[in-house]
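Per-chain numbering from 1; labels A, B, C and D assigned in written order.
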Amino acid sequence: MRKIQEKLQRSGISIGLIVTFLVIILMAIAVNIVKGVNFFSLNNLLNVVRNYSMIAIAAMGQTFVIISGGLDLSVSAVMASSNVVAATYMTSNGLIFPVLLLCLALAALVGMFNGYLVTKRNVPPFIGTLGTSIVINGLRMIWTNGMPRGAIPDGLKNVCTSNFLNMIPNLFMMFVFIAIWYWFLLARTGYGRRLYVVGNNPRVAILSGVRKDRIIITAYIISAVSAAFVGILIGGYTGIADNWAGKGYDLDSVAFAVLGGAVIGGGAGSIQGTILGGFILLMITNLALLASLPLESQLVIKGLIIVTALGITARKR
Amino acid sequence: MSTMGTAVTGSLLKFKDITKTFPGVKALDSVDMDFSYGEVHALVGENGAGKSTLMKILSGVFKPDSGSIIYNGEEVVIKNPHQAQMDGISIIFQEFSLIKHMSVTENVFLNREPVSRAGFLRFGKARERVRELMALLDINLDPDAKVMDLSVVQQQLVEIMKALSVDARILIMDEPSAPLTDKELKKLFSIIRSLKSRGVTVIYISHMLEEVFEIADRVTVIKDGKVMGTFPVEKLTKDNLVGYMVGREIQDIYPDYGKQIGDTIMKVEDLSCKGELEGITFSLRKGEVLGLAGMVGSGRTRLVQAIVGAVRRDSGTITVNGKVIDNISIIGAITEGFCYIPSDRKLEGIITSMDIVQNTTITSLKKFMRSGIIDRKKERIAAEKQIAAMQIKTASLFTQIENLSGGNQQKVLIARALLTDPEIFVIVEPTRGIDVGAKYEIYKLVRELTESGKAILMVSSELPEVLGMSDRIMVLNRGRVAGILDQHEKLSSEEELLSLAVGHTYSLSS
Amino acid sequence: MIMSVNNRKLRLNISSSNFVWFILFGLLVFSAISSPIFLTGRNMRNVLLIQPVGLGIASLAQALIMLSGGIDMSIGAAVSLLTTMAAILFKMFPDMTPITVLIAVLVTAMLIGSLNGFFVVILRIPAFMGTLATSMILQGLIYFFTKKPIGGIPRSFRYIAEGKLLAIPFSFLFFLVIFGIVYMLLKRHKSGKLVYAVGSDQHISRISGIAVTKVRFMTYVFGGVLVGLAAVFLAARMGGGGPTAGSNYELDTITASVIGGISLAGGVGSPLGIVGGVLTLTIFSNIMNLLDINPYIQMFLKGSILILAVAFNKVKKR
Amino acid sequence: MRRKTNWILVLIAMFLFVGGLAAAGGQDESDGGKAAPKEDNITVGFSCAGMGNSWRMFLKANFDAKVAEHPEISKVYFTNADERPEKQIADIDDLLSKGVDLLIIQPSLGEAIVPAVERAYNVGIPVIIFDGTVPTDQHTAYVGQDMKQLGAHYAEALINMMGTEGNIIMLSGIAGQMSVELRLEGAREVFAKYPDIQILDTQYTGWSIPKAKEVMESFLQTYPQIDGIWADSGLMSFPALETMKEAGRALVPSSGDNLNGYAKFLVANNVPGYIEPYSTQQAAWALEEGLKAVKGAELDKVIYHQPEQYPFERIKEIVNMDLSDWWWLGDDQIPEEFLPQID
């Protein structure tokens, strides 16, 4: 038993998460029996992963920041901004790629600014990124005057709504691709190793010659760039520029990561954990919809699931 | 030495068959001990022998797996620290237990604040009692000063006041003397004696055997979680005590040196840090241990920090191998061949959540990376080699470093430093909190380093260590070099060193 | 004496809790100069004695919890739930006395605080997520009862926000009493010391004999009661409640607390700073309205001020 | 340094104290009487519930255009409550401090700003409410659309298009908003009259497009037969239809407001739909009525306007496929200079 536990711990996935996952599988079976809708049908699963893909990419970015000991509450502000910038300048299919790069570059600046506040100015990440998010939202609204200009080109719409080999959503393919990269970055590279050290004990990091500030700033850049990318995907998915695209994704992405074993305060967390944690939350939403549960029960169940998963993990520690 | 043989008037506290297991380690194995009224009972043993665990059980921090505690003739269960305090058991912990944002007064009376009947604080009374305590201890501190603004020594004094402010029947002191100067230590001893005469039982834990011989009535030796025996102090000699502790006699704990001192590798000229250091000039040679001594506040720490780039220097030049080095960061220092082994392992040394391999390789990670990717096999092999060379005792390479003893953690830190191929080692308090046996191994390691031509700058507060290990000793006093003692012709004495350190003649045996 | 040789540096003594007063002072001067209406009696009364009260009390709750080392993300949902509950009670039982409703709200608030305490302290879920979960659950509960906003809180209850006692707005006295109690408990009472100690360092508190779990739990409970009091005031001020009545209150209270010098890491800050933080936010919003600044520019300025206030008060960092 | 800090603290404390005293001593300006009629130099306060979406921007554009038609208005003060009732109460108080002659309020949470509205009314100035009711008598008039009726119209039109039997799904905006709940209520009353109409499911989407798509995807999963979409806005029916299209399902009749994106989708895919605006003119209407009141006219308590309804044929005629998705069908008449700036 202890061996299994240790294995799990090293794999970055907590006990609570596994237990909760099993519970939800049982719930899915129950829904199937009672309502006659099959959660496990391929179509439904593909739906779930399509919706899941976008926010999961942002949550993986968030994971980097949380491991570094921070928190990024500017995720949704960046998403909405990149969404609107993209729609404004991607007037034709030919411009998709350059504008995409522009959005990612702008987001990198935002991430850099967040990182600057946190590292050089010692601002608590919670407040620093909250401030950034208010500023960005303000700037965007001043710029768009409330109405996003331009339109999402058809090319982007097609990419984001169609399926690979007519089956697997392209969005999901992108997610998988990014997830592999992020996992590799975190688990196998010097950057990832140093990120954990910085989050665990910043003092040791400095004395070991780790460029702490640079590592942290990079984490914020990763988060912001991921968010900007998601903002564009949302544009393609919905086909319409939206001043508030990704609203609420700040807290959702934090919830994904923390449910997956990341610790606010730094030093722990993993891509695989975040992926599973997020999947659990998305499954709940989907199951609730399949079971036609009203909004109120959805909220309560979501809250209780979070409590259960984290509660079990905390007990076992 | 011990002339205080107070009449033992019976047992106040008894441990019976106490066993405590942590994951993978049996920390205490059927411990039986007894403590009498009004005695000073020293508890000695190597690090990780179980002394601190035992005391944490007594003070309610841990619960034993089995066994019983008989206190005052009754079997008691000590559920938590609060209850221990209520029962008259007070403890000075080895690691500081002060809240840094709070004032001296607030810390001394934490959780035992003098209050009115409705629970409102009586600030005047608290301050008054702190002043009384300070008068008793001959300390001069601002009762309203924040602990975070105090020096380490001052913090330790607050710690002692905190313990003394309890009307305790049993006072546990876990390494109380580590940061204290001699004068303060003497004061502490006189307080212990007066407590003893009032019938308080003092349990004294220390690595400093001199202290044990000076203050204790009885000594209990613990090894590997087992009691090796309790002895009246008169019946012990230093040698046989060490023998009980490590299970072997150690003739000379300082290894012989090779005395193969080579060319100058580093020159420091006229180094200054505003307000802290002034005109420091010295040189360091290959194969040499340069001891850096001085009182707390003399600027030792600041000097080594300035050298390894942890703080900026305001003026002065540092030349390494003939190359002038500008103000550099720590990263720069590492590339220039420096390595820095800090004194506070927990705060500045180990990465608690990581395993031994990862802890060993963090500073030299670049070596095991190809275009940013870690070659984990290469990393493991390199770490394994170092760990074997250091004789680090561990079940697995992937054990979390938290689970190692202090001595082994220190070895991991040295292994970490070695992997960067440094030429100059800057080691601060290399054996703080490490037991006698492990100390010897660390000393041996240091010697091996010098034999392979490395230069070592060693800061230490333990005089015997500085004297025993150094080829030369640089003494700092108020930010200036007070003198450099060459130990080649003859070994310096503690008196010589101290007189330089405090700036006037100072006699140890006053 | 060797003791006296220490390297204690002289430091600029602007602690972050004092820093807020500099900002506030600047804001006051700016407002007084830039708008003639700002200093009129009516505006002063609104902006100093009435408008800050709700946020002020809720921020005291947030600050208390932050001081103990936690955070409360459920304040917004709790305010929504409690104001809605007050309105529902008056609607269902029109004969109920205001005192009964007040007690019912406070008891519920205490239960909410206990739920937070249970999640965070007993189940040991990280405070951020634990209280976020509470927030979801509370929001769900509101929708169980009603999806529509509910009004109709009677005048007798609205006295709390609108009444006057000897020409002084009752709301101000309401705040003053609550603030006084919180201040005395935190700064002059043993329990406050314990909160600070636990917030600074749980481990040290535990080995110093403090019942850490109890202190933390009670902080959440007492914080809950304070949120209840804030909700009582807001219900009286708004004359009703609804599922979104308290939206964003959790972030506003955290902002006010941090500007007021309460550390997110726990153990540092003074309740007095909260007054400064809340006044800063209220006066900022007031002067923006008086100067008729475009709402988006307001947003931008608000974020910038938040960043500046927190990023550049670190004079004391050594 | 510490002494200096204390000195500043004392100064601030004094400042606050003096201010507080002045405030406490100051008399209430409200005399309960009605302000004398005014013909010119009128100042208007507009307390808006929140900004940040295109509907509100066009609302403001229409309002501004209307202001320009009235030279007797000397100044308009505009506040944004950010959807927070407490902020709106403070906003209203601030506007009263400014001494406006007319107050136009778009409630963020109507039930929760009653006291502020009453305070304003008691100052004696006309208080006009639109886009959300405030349950108190103490306001001059409610101007706008009957929201319950709007929901009912959507339902009736849907039945016209799909027939009196079939399965429908309902998509709503933000739970807890009066305007949302009333539309839902009106629709349910209509559907209740048709026993063969089955409401499969009702979900809130928070007016988030990705959420609407997510909900719709699971509906398609659960319900093999969907014959109509009742949505309380074009913002919801548009992504719902889009999802159906992506899933390869046959498109079905739907309802919604005049969001251009919705209209464009209907026309482009030639699928019948019904549009009845939730008008962006409402603030302008409120201003128009309010000015009458300032000038001394007596107003009815409730003034409903009925905007033009757009059956599918009419949509095809007037839709402009070149305008942004966020444009509002029928808002082309706003003078250029007031429009939210567009490339």
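Throughout what follows, contacts are C-beta pairs under 8 Å (C-beta built on N, C-alpha and C of every residue); 3 or more make two chains touch, one makes a residue touch a chain.
This one's a predicted model, so the numbers in the text were calculated from it and none came from an experiment.
Undergrad: So using the touch definition from the top, which pair is joined by more C-beta contacts, A-D or C-D?
TA: By the number of C-beta pairs in contact, the winner is C-D.
Undergrad: So how far apart, in whole Å, are subunit C and subunit D when each is placed at the average of its C-alpha atoms?
TA: Between these chains, centre-to-centre, one finds 31 Å.
Undergrad: Which integer distance in Å separates the CA centroid of subunit A from that of subunit B?
TA: Spacing between the chain centres: roughly 45 Å.
Undergrad: Would you mind pulling out the distance in Å between where the CA atoms of subunit B average out and where those of subunit D do?
TA: The separation of the two C-alpha centroids amounts to 69 Å.
Undergrad: Got the subunit C residues that touch at least 2 other chains?
TA: 142-143, 295-296, 298
Undergrad: Would you give the residues of subunit D that are in contact with at least 2 other chains, written as numbers and ranges?
TA: Subunit D, residues with two or more chain partners: 51, 175.
Undergrad: Pull out all the chain pairs that touch, please.
TA: Chains touch in the following pairs: A-B, A-C, A-D, B-C, C-D.
Undergrad: Okay, in this complex, where on subunit D does subunit C touch?
TA: 1-2, 5, 8-9, 11-12, 15-16, 19-20, 22-29, 51, 77-80, 82-87, 89-91, 93-99, 109-115, 134-136, 174-178, 181
Undergrad: In their complex, what parts of subunit A are in touch with subunit C?
TA: Result: residues 117, 121-124, 126-128, 130-139, 141-142, 145, 251, 254-255, 258-259, 263-264, 294-300, 302-304, 306-307, 310-311, 314-315, 317 of subunit A touch subunit C.
Undergrad: So in the complex, which bits of subunit B are touching subunit C?
TA: 59-61, 80-85, 91, 93, 96-102, 106, 110-113, 115, 119-121, 139-141, 149-151, 153-154, 181, 183-184, 275-276, 295-299, 302, 478, 502
Undergrad: Mind pulling up the subunit C residues that touch subunit A in the complex?
TA: Touch list, subunit C to subunit A: 119, 123-126, 128-130, 132-137, 139-144, 251, 254-255, 258, 263-265, 294-304, 306-307, 310-312, 314, 317.
Undergrad: Which residues of subunit D touch subunit A in the complex?
TA: Going through subunit D, the ones touching subunit A are 51-54, 56-58, 60, 175, 200-204, 206, 208-210, 213-215, 217-219, 221-222, 238-239, 242, 246, 261, 324-326, 340-343.
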